[in-house]
């Protein structure tokens, strides 16, 4: 393999990986407060893209993106308030099924609002064929946007969950809801907040990715599956882990193209991931100790 | 019956169990006591197969069992209760105890799916036997209640019945009297003696000295993972080291 | 105890017969088509219910097992071996008696594996894969298990979508009927096929399979094994301490449910005359899981009823383009108001809603 | 401090508590004794708002607890050391404690929490040693101490303890009771549920006896200690020994 | 009276970008016919079933339409896979089926009741290869989406290449939901032999591959299939779409056709009607359903309300202008379109224009 090719694959892999990671991070946020996986996370990404594209018709790009993020956050809050908040003591599986139902509903609503056709935001810088040479490889500047946004988000979140009181309180909610209540924490608000946060991050991801991947009413599902995979592989709840796992998956995918037909790419990469998971049953960065203490 | 030969378990740098050796003779009640965090539960987990020792051997009826899966050890005739109650969510008290009959019955997938006549008698037996145990432990009236919604003490009793249902040769009890008042504790004490008299060897961990001193034949004292004493109760009560680190200076044992 | 189990079974048998008589006398037998298909999907769902509801092991990959059954059954019975007639392998198969000569619909000569042999092969492969996969996968828990099974489903989906042998995106079409019993003397045989004149017989084949499958599972969960499975669900650590070989029981039930799915796949494929990659898709697996949940997880009757009814309605297309939306809405509503499944609704929800169990201190 | 009148509570249709009336005054240790399943835990859960009452009144510092959510009750200064510990298993010991100071932090800021943390470490030195360990891997007794430390972190006015001595070594039990007395001496109020009735009554000011959801006896602790019925039912240790 | 016509389209689900415009176009034709007073005085009742692109639903619906609704004929389904599943059902139920699927296996071997409207892939392939030959290209890479359309196209590309002396040095299939193909592009680009790329696909990824090729700075000619015939993809690919060459029906360049063209009037009408009714740009996909419905209507006019006679009428339809070309069916040819149904187009300044060669 030539160095040029090597780098070209590498950058392709990083591009995929970062996109998966940023969706995976969204999963982690809600997981960290509720202990559940919100399968509607992919739909937040889709909504972000769609709403910003619609807003772009009337306002400039940065405003459109900000608007989309805010609106999606409100949608996230609304979902939590209407469907999750008042449940007394929901089991993990019950919540999961509810979020699956939500993801289907949001998708169908989007289909009726925006139709089945694909849309996209314009490239933030340059256009479809603008490239930047990095070493021997060439990449679209939009990729740098994605990487940048993801980096900021991850750094921010890690800090948030590790070091801020609010982050700690959110984690407490998932560790033991009853105990959190006994500490005087308003667990319900925490959950609402986590839905808003992950909706916002999902929407932001949807905006920066849109020029590269396009947005369609059902584009959330595939992303959600990859994001989920990455969140698990990185060790649930661990944002850094999600990024590392995302990039790992992206790179495996990219390099796998060089040895097997593209059509088998997913089969190969997921096989590798499964093998990793069998060796490290709690993900690359998950603590087996913590996992043993968890219920689901 | 049970023999530990310099068993150690480390968690990272922490020596939770450190070179502990002792024997449990058949037909006795042996107690393990020691300060909180001394490694008693860890020791139980090692014996029952939930943890693998870092080093050392554990012999059960002359057979090395360290590293064996818990279910194999259970099948060999060892049963246990848990310090933090560990009942089956979603099963009634009776059903939970019936699960305890697992190792004493045989019906497999095939027999179960085709509901072979051979399973009929077995099932009836399981049910009767389990009911008997519930009665013995005075919780028959809760037979059809979900076990996890019972009060603390009742849950303890279900766990005990479940453990007995396996007809163990050796029974490990981790704090069987925790959360019980003295009457109930006395009840448990009587129960444990009865169990011993049925021919079941008992190894127990307990902080309630009224119970431990009354019924146990021998006591092992652990501290910081190490065995610091092993003797009959009266001797342990006098042991200055044990008094200093565990029992306290007060004359009146167990407040 | 026993009577309460078999009364509903008798009820459902009578219902099945009644429906057939009613549709035949009113000339509306076409309802049987979707009822037949729904019954096969019902088989997948009750198998999954035992795995998920009783043993507590989630699988978002069961469409994979269905597809393994369906695709292998279809591929073996459609791929013409005539060209390879002289190869040792084919000759050997011929001597084993598993090959079948015939003609396709356009009159071309065919030499294919007989459906019986294909069925056995397909189900065995599914069982074997479940076994090999189950050993490492079932060590995982919760979300990790969900992801691993989802990954497995994706792999199967990718393989059928990428392999020419499995017809890539088009899947496999023109799968012949499956003659289960050849015609003997005056008695007509039994053939699984979608042709209009086999409809009633296929309706009975499908429902017989479903009901037999259900009875077997009902027996199972009511036995020592069933109790062990529920114990594993309740607390794996405690189950293990009671001498239950949790790994083996989980594996066995995983294989069992895979066999159910694969059998359904084989039969439905013969009935439909084909199979496509969408049968292996993740959405399909998710749908199965959701149907089990809506039916009440550890409630075979509930899952059976919800599975069959919702699949039937969807196959009838009565929700039109809102099919998915309605499904999503049903999921949400049932999980919000009747989390123990639709069958629990009339009892609990109507009597004392809002007074539901309060935060139990075990902390879920 | 706490007044309960004619309270009924339970789970679903099951009525566990029947017509309970009791009160706890500021600066007292009040203990509640009763057999297994009598409803002691249910009572504490109802006070803290985890179980909704079916009828009756609960008044805490002249607030009507009916209207308050659990977190408001906690914020008002009433905390519960729950049965079965309920630590944040996947978080470290120190994080557990800091979370216990949630209410305090809101009121008085971070410095107060840190001061309180030091204080708890002094009270329970094991916790300091284990500060970075995951709480779920602590030994049973260590978890019990953590649960107590966490509850005290909020500097509550009323501490409710559900069987705090469960699973503790005799020495530690004595320490815990000492802590409870010290809490009272520092001006706190304690509602103590204990199986160890003798020990509880000997440090308490007043006591209640709960049987199958009803209060059957109440009075000053000394009176209860001397009461024949109580002795027979809950204190009859000597006979066994 | 009333004539029941069944339609099975993937209105929602993964092939909705086909099924949705198809359903709209068919409905539009029916509305128009009914507004005119129907066919021979009978109004058409179009029963549209949404298969969501899943074969088992298509099977169920086909049986339902044929037996239960007793429709005169069925149009659709949208994809080849679904069509192949119900080919025999239509045949056995003796009900005409006019598919909108691309694969040639739908009509070859011929099933007497089964027809299709999209042009044959083989003609599109030949058009492309013809163009390549003119450009002196002999070593190419083939990439295709993993849909029925992509699969069928790839098969034809590989099969026909030797006839034109062209060598396919790389063939790859990507997922219909692919979001980025730069790794694939890198792999192909590293093969210096490749002189041109042919992409066969109907999914958004065909815009993505165009972008990724240009972003990688690779400027070999990119050929696309007739599946590119949707201005949305051109918009999506933006600057990267410039210069893409592909065969297509004349719908996309209707305005620039000479007035003598037999299709022109019809194309302009379809475009205008569709665009004014649904406020979105017409695509060739909708055109396939439009053709199916108008062909059926014409056949009903001749054959009346009898399934067999309608079938015969379709088979005997000659020189019937549609959006995909001028149809002339015969007992051997149930597609009825020739090579001339295609023209070569390219993209210039974000618009489709006739390709005039280099």
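Here the chain labels run A, B, C, D and E in written order, and each chain numbers its own residues starting at 1.
Just so we're on the same page, a residue touches a chain if its C-beta (ideal position, glycine included) is under 8 Å from a C-beta of that chain, and two chains touch if they have at least 3 such contacts.
Remember, predicted model here, so these are calculated numbers, not experimental data.
Common neighbours of chain C and chain E under the contact rule above are A.
With respect to chain A, maximal separation of chain centres occurs for B (centres as means of Cα atoms). Inter-chain spacing, taken between the CA centroids of chain B and chain C, is 43 Å. Chain A and chain E have CA centres that are 36 Å apart.
The mean-CA centres of chain A and chain C are about 32 angstrom from one another, to the nearest whole unit.
Distance from the chain B centre to the chain D centre is 29 Å, each centre being the mean of its Cα atoms. Of all residues in chain C, those touching 2 or more other chains are 161-162, 324, 356-363, listed in ascending order. Residue numbers of chain A whose C-beta contacts span two or more other chains: 108, 176, 178-179, 181, 261, 263, 265-266, 294.
Listed for chain D are residues 11, 41, 50, 82-84, 86, 137, each touching two or more other chains.
Only residues 12-14, 16-17, 20, 146, 172-175, 177, 179-180, 182-184, 186-187, 189-190, 204, 207-208, 211, 214-217, 232-233, 236-240, 280 of chain E touch chain A when the two sit together in their complex.
Within the complex, the chain A residues that touch chain C are 31, 37, 83, 87-94, 97-98, 100-105, 107-109, 176-179, 181, 221, 225, 228-229, 232-233, 236, 261, 263-267, 270-271, 273-274, 277-278, 281-283, 291, 294-296.
Per the touch definition, chain D reaches chain B in the complex via residues 11, 33, 35-38, 41, 83-85, 126, 137-142, 144-145, 163, 166-174, 177, 195-199, 233-237, 240-241. The part of chain E that touches chain C in the complex is made up of residues 11-14, 48-50, 52-57, 59-61, 63-64, 67-68, 79-82, 84-85, 87-89, 91-93, 103, 109, 111, 146-148, 150-152, 173. Listed in rising order, the residues of chain C touching chain A in the complex are 58, 136-137, 139-144, 146-148, 150-152, 154-155, 158-159, 161-162, 282-283, 286, 289-290, 293-294, 297, 322, 324-325, 327-332, 335-336, 339, 356-361, 363-364.
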